[in-house]
Amino acid sequence: MDLKSPSKATNEDRRGRIITYSCIGIIIVLVVSILYFIASRGLATFIQNHVNVFRFLTGTQWNPSLLDSHGQPEVGALPMITTSFLVTILAAIVATPFAFAVAIYMVEIAPKRGTKLLQPVMELLVGIPSVVYGFIGLTVIVPIVRHIFGGTGVGILAGTLVLFVMILPTVTSLSVDALTAVPMYLRSASLALGATRWQTIRKVILRAAMPRLLTAIIFGMARAFGEALAVQMVIGNAALMPTSLVSPTSTLTSQLTTEVGNTVMGTIQNNALWSLALILLLMSLVFNLLVHFIGKRGEIK
Amino acid sequence: MSSQQSNRVATIVINIMVAFVVLILIFLLGDILITGLPHVTLHLLTSPSQSFAAGGGIRDQLFNSFYLLVLTLLISFPLSLGAAIYLAEYAANNWLTSLIRTSIEVLSSLPSVVVGLFGYLLFVIQFKFGFSILSGAIALTFFNLPLLIRSIEGSLHAVPRSQHEAGISLGLSNWKTIKGIILPAALPGILTGIILSAGRVFGEAAALIYTAGESAPIVSYTNWNPLDSNSFLNPMRPAETLAVHIWKLNTEGVTPDAVSISAGASAVLVIVLLIFNLSARAIGNHLYQKGSGHK
Amino acid sequence: MENNNIFAKTHLVTPQEPPAITTDNLQVYYGDNHAMHDASLSFPEHQITALIGASGSGKSTYLRSLNRMNDDLATVKGKIMYHGIDINASDVNVYEIRRHIGMVFQLPNPFAKSIRENLTFALKAYGIKKKSELDERVETSLKEAALWDEVKDNLNRSALSLSGGQAQRLCIARSLAIKPDVLLLDEPASALDPISTAKIEATLLKLVKKYTIIIVTHNMQQASRISKYTAFFHLGHVLEFDTTSHIFQEPQVPVTRDYVLGNFG
Amino acid sequence: MKNKGIVSTIVTLGLVGLLLAGCSSASSSKTKSSSSSASSATKTTKVTAVGSTALQPLVEQAATNYQKTNKNANITVQGGGSGTGLSQVQQGAVQIGNSDIFAAQQSGIKAKNLTDHQVAVVGMAPVVNKDVGVTNVSMSQLRDIFTGKITNWKTLGGKNQKISVINRAQGSGTRATFEAAVLEGKKAVTSQEQDSNGTVQKLVASTPGAISYLAFSYINPKVQALDIDHVKPTDANVTTNKWKIWSYEHMYTKGQATGTTKQFLDYMLSSKVQKSLVKNLGYISIHNMKVTKNAQNVVATK
C-alpha cells in the first residue's frame, strides 16, 4: 500500500494553489500599482513643488497658477475638504433613516412585497450612470432648491440631495443583509416574551444588527465621498469655503474632474490635483479601516 | 404612550418613509422612461451617431457597451474567482489577509475619475494600448474586482462547511472539492453577483472617458477578424459607450437633438439594466430550484 | 488536585484481534487549547468500536484525527499506525489516507447533485471512466447501504430531495463506493428518527464483515447493540477501553461507571 | 459533468486575454514606429488626435469624411482637454494635440518643439439669463462683473437682481481667451465653475441673474447673448477684431507634420472643410480672418 508518494490529488491541489495564489498576486500588483501611482503623484506637490502640507490642508485659496505671499503656489484645499465631508455626512444623515426604514420594511414588515418589488428597483438604481443622476439633479433638484432657498440653487444642499438618492440603494441593501443576519430565534424569543413588533425591532434586532448597520452607513459614505460626475453638475465648482447650504462650492472630486483635463502632467497645477486624489484615497482607506474596526468590535460582542 | 400605541405609530412612520422612497424611485424611473421612451425608435437603435447634425443614433455605443462589458468580465471574472477562492478557502485568518481585503475594498471606493486617469497614463500611454476597449476594460476591472470578489466570496461562504468536509473525506483534493462541489453549489449566487456588477460597468462613464475614449469610429459589423482595425471585434479600437455618450451629449453636445437622444439613450440604458436585473433573478431562481431538486 | 486523580486511573486493554489502526500518544491542540491528551488505542479489524463520552469529551476530535480531517483546524501530535505506516507523519499523502479511511458525518451532507453523481463524483476524480464499472459501484454501494431498493428507479433525482435517513445512508454509500477499509462514523444517527436509526444500525452490522468500523455515539444503547469494543472519553482523556460488555457491565474506572449508569452526561 | 473544467477554462481564457493584450500592445507599438519612420508605406497608418473637447466634433467629423476617400488612414479623435492634448503631443504619445489655447500659454509645455496648425477660429460671447433685462454692456462693466465689483444688474440698468457669475474651469481654453480679452490681467472673482459648454448653457438659462460666456455655437434662444460696447457678437465682427473675444483652434504636431498626419492637416485647411464643416459647426473659417493674433494676444491686420 503506497501512502506516501504524491498522487493526482496532490498535483491538483498544487495546481489549485498556483492558480488562486497567482490571481490574488495579480490583484495585489494592480492595487499596489494604483496606490503607488496616486501616492507618488500626490506627494509631488509637497516634495517637488515644496508646498507646505499644513498650508495645503488649511489654506482656503485655490489658484495653483498663482503664487501666494510666501512665494508658494496657492493650493489651499480646505474648501474642497470641508465640502466633501459636509455633503458626505449630510447625505448619510438623510439617507440612513430612510434606508433603515426600507430595510425594516423589507425584512420585518412585508418581506414578500419588499423583496419582490423594492429590491429589484433598488438594485436598478445602482446601475444608473451618475451622469443621469447629475442631469436630473441639474434640471429638477437645483431649480427646486433655488425656488425655496433662493440663490443659484447649486451647492451643498443640491449635492446632498443627489447623493442621498445615489447612496440609498447601497445603504439599504447592506442594511437588509444586516437585518437578515440576525438569527430568527432572537425574534421568536422577544415576541414570545410579549414584546410588540416595534419593541422587538428597536431593542433586539437593531441592537443585534448594529455593527453591520454602521458598516452599511460607512460604505454609503465611501460611495458619496468618491462620487464625481453627478456632484460636479450640482455643486457649483467654486473653490470657496461654503458659507451656506446653497452657496456654490466644490468637492475634492468635482475640483479634480473639472480641472484635470486642462493641466499638463508634472506641473504644479496637475500635481495639486493629484494631491486631492491622494486625500480621497486616504479617506477611502479610513472608511475601510472603520468598517474593519466596527466589524471586529461586533464579533467580540 | 403604551407599547401597543408606539408599535402602531412606528409602523405608520416606517410605512410613510417607505412610501416616500417608493415615490422617489417612481419619479426617477418615470422621469427617465417617460421622457426617454418616445425617443427610443428603431432608427435610434440602428443608426450611427452624428457629430453635429440631427438624426444620429446610438447603434455603435450600444454595441460598445456590451462588448466592453464582455471584455471586462473576461478579465475580471477569472481574477476575482481565483482571488475569492483564495480568500474563502486558503487564506489564513491573519493580518496579511485583512490587509489584502482592505486594499481590495479601497479599490471599490476610489473615485472613477482617478482610476480613469491612472488607466490613461498606464495603459493608454505607457503600454501603448491607445484609447481602446482593452484599456477601458482593464480600468473597469479595478471597479469590478471588489464587487465581484465580495459577492463570489459571499456565495462560497454560503455553501455549508459540511460540503467541503464531505469532499475531502472522500480523498478528493481541496481544489477538486472546491471546483467540483463548492463552486457548482455556489453558482446561482455567483451568477447573480456577476450580472449585478455588470449593471455598474454598464453605467460607468468617468473612468472610460480617458481610457476607452469618447469617439465611436465607424466599424464594420461583418468583419469578424478581431485583429483588423475595422472589425467591430477589435479590442484595440476606441469605443464610446452609451454612458459616455450620454455624458458627452449633456456637456459638449452640439447636435440639435442632443436632448432627445440623451433622453432616449438613458431610457435604453435603464431598460438594459432592468433586463440584467430580471435575468439575474430568473437565472438565480432557476439554478437554485434545479440544485435543490424542487421542480 | 482531584481532577488529576480522575485521569490517573485508567483501564485500557489491547484487543487480541489484529489491529486495523492504532494510535500512540495522540495529542490534539486547538491553538493553546489541549483538546486531547495522550490517547493510545488499538482498533481491531472487522469489528465495530464505539467511542462514547459526554459532549466535549474529545471523542469527535479524536475520530477526525484518524483520517487527518483535523489538518486545517488543529495540531495533532503522536503516532497513528496504519498498515505499518505512521499516517500522522507530514510526508504522508493525506488524500490517499482518506481514500482508505472513509468518514460519515453527524448531519447528512449529500452533494447538491443527483444520487448517481454523489456516488460517482469521487470515482471519476480518481480516473475511473468506464460506465459499466461506475454503474456497478453505484449499485453495490447503494445495496451495501440498504438504499438501492428505495432509489434504484430514480438515480438521477437530486440527492437533496431524499429524506434525512435516506440521505445519511446515501452518505454511507458514498463512502463505501470508494472501497475504503476503515469507516469512521461521527454520530451518524443522532439527527435521525428511531426507524432510520435502526436501519443504519442494521446496515453497519452487515458492513462490519468487510470493514473496520469506528463510531462515535451519544447513545449508549446504540453502542451496546452494535459494538464489540467501546472506548470511554472524558474531558479530553481516554479513561477506559475494553469490550463493550465489560464497559457496560463491570467498568473498572469510577467515572465510566457514573457515565454508563447515567449519573451524568 | 457540465461543471468539469469550468474553472480551468475560465482561467485559461483570462490568461489568453492577458496574453492577447500583451501581443496587441506589442503589435500596435510596432505599427506606430513604422508609421513614423516609413510614412510612404501603403499599409494603414494610425493617427491619433487628442485634446480640446470643443474642437473634437469638428475634427471627428472631418476625420470621418477624410477616411471615406483615404482608406489607408485610420484617424482617432479623442477629447480629454487642451492640457491633455498638448502634453501628449509633447511626449510623442499622439500625433496631434488639439488645443483651444496657444501652446506657449500652457504651463509645462515647451512651445518651440511644437508646430501650430490653426484650423478654425471660435468666437465667444458673454451670455446672461433672459430675465436680467440687460442686452448690452461696456467692456469695463463686463470686467467689473467678472472681478466682482458689480454685483447687481440694477447697476447696469437691469432688474434689481444679484448677479451670479458662472465661470469656466481654471486653465480651460475658453476661460483663458475670455480673461485675456476682458480682464486685462485682473483676477476673476472666485465663483461657480463649469467645465462644459452644455452645462453652462443649461445653468445660465435656468438661473436667475446668471452670467457666463459661451462659444458662438452653443448660444441658443434660451440664453441672451450680450453686445459689448454695442458691437454684436457675429462672425463678421470677429474677422475684423471688432468683436474682441475670440481664439484660434489649434492642432499641434511635434516638429513638422509628416505623412498621413500632414495630409490630414492639409485637408483640415482645405476649402472643402473650411467652407462647409467649419461653418456648420459654428466656427469661423481661418480663411475669412482679416486679422491675426499671437500668443501674447497682440492683434495685427493680415
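The letters A, B, C and D name the chains in turn, as written, and every chain counts its residues from 1.
Here is the rule we go by: a residue touches a chain if its C-beta (ideal position, glycine included) is under 8 Å from a C-beta of that chain, and two chains touch if they have at least 3 such contacts.
In UniProt terms, the chains line up like this: A = Phosphate transport system permease protein; B = Phosphate transport system permease protein PstA; C = Phosphate ABC transporter ATPase; D = Phosphate-binding protein.
Fair warning: this is a prediction, and the values are worked out from it, not measured in the lab.
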item: Centroid-based (C-alpha) most distant chain relative to chain B; value: C
item: Chain occupying the most central position, where position means C-alpha average; value: B
item: Two chains joined by the most C-beta pairs in contact, as defined above; value: A-B
item: Whole-Å gap separating chain C and chain D, where each centre is the average of the chain's CA atoms; value: 78
item: For chain A paired with chain B, centre-to-centre distance based on mean C-alpha positions, whole Å; value: 18
item: Between chain A and chain C, centroid-to-centroid distance (C-alpha), Å; value: 51
item: Mean-CA-position distance for chain D and chain B (Å); value: 32
item: Per-residue overlap in chain D, given as positions that touch at least 2 other chains; value: 7, 11, 53, 79-80, 195, 199
item: In chain C, residues with contacts to at least two other chains; value: 95-97, 100, 125-126
item: Two or more partner chains touched - positions in chain B; value: 78-79, 81-82, 171-173, 176, 179-180, 184, 250
item: Chain B residues within the chain D interface of the complex; value: 51-53, 71, 74-75, 77-79, 81-82, 120, 125, 127-131, 134, 138, 179-180, 183-184, 187, 209-210, 213-215, 217-218, 227, 229, 235-236, 238, 248-254, 258
item: Sites on chain A touched by chain B in the complex; value: 8-10, 12-13, 15-17, 19-24, 26-28, 30-35, 37-38, 97-98, 101-102, 104-105, 109, 118, 120-132, 134-136, 140, 165, 168, 195-199, 201-202, 219, 222-223, 225-229, 253, 256-257, 260, 265, 277, 280-281, 284-285, 287-289, 291-292
item: Contacting residues of chain B [partner chain A, same complex]; value: 3-4, 6-7, 10-11, 13-15, 17-18, 20-22, 24-25, 28-29, 31-32, 78-83, 85-87, 89-90, 98, 100-115, 117-118, 121-122, 141-142, 145, 149, 171-176, 178-179, 196, 199-200, 202-206, 243, 246-247, 250, 262, 266, 269-270, 273-274, 276-278, 281
item: Chain D partner contacts - residues on chain A that touch it in the complex; value: 19, 23, 62-66, 138-139, 142-143, 146, 151-154, 232-233, 236-240, 248, 250, 257-270
item: Complex contact set, residues of chain C against chain B; value: 67, 69, 95-100, 102-103, 105, 107, 109-113, 121-122, 125-126, 157-161, 171, 174-175, 178
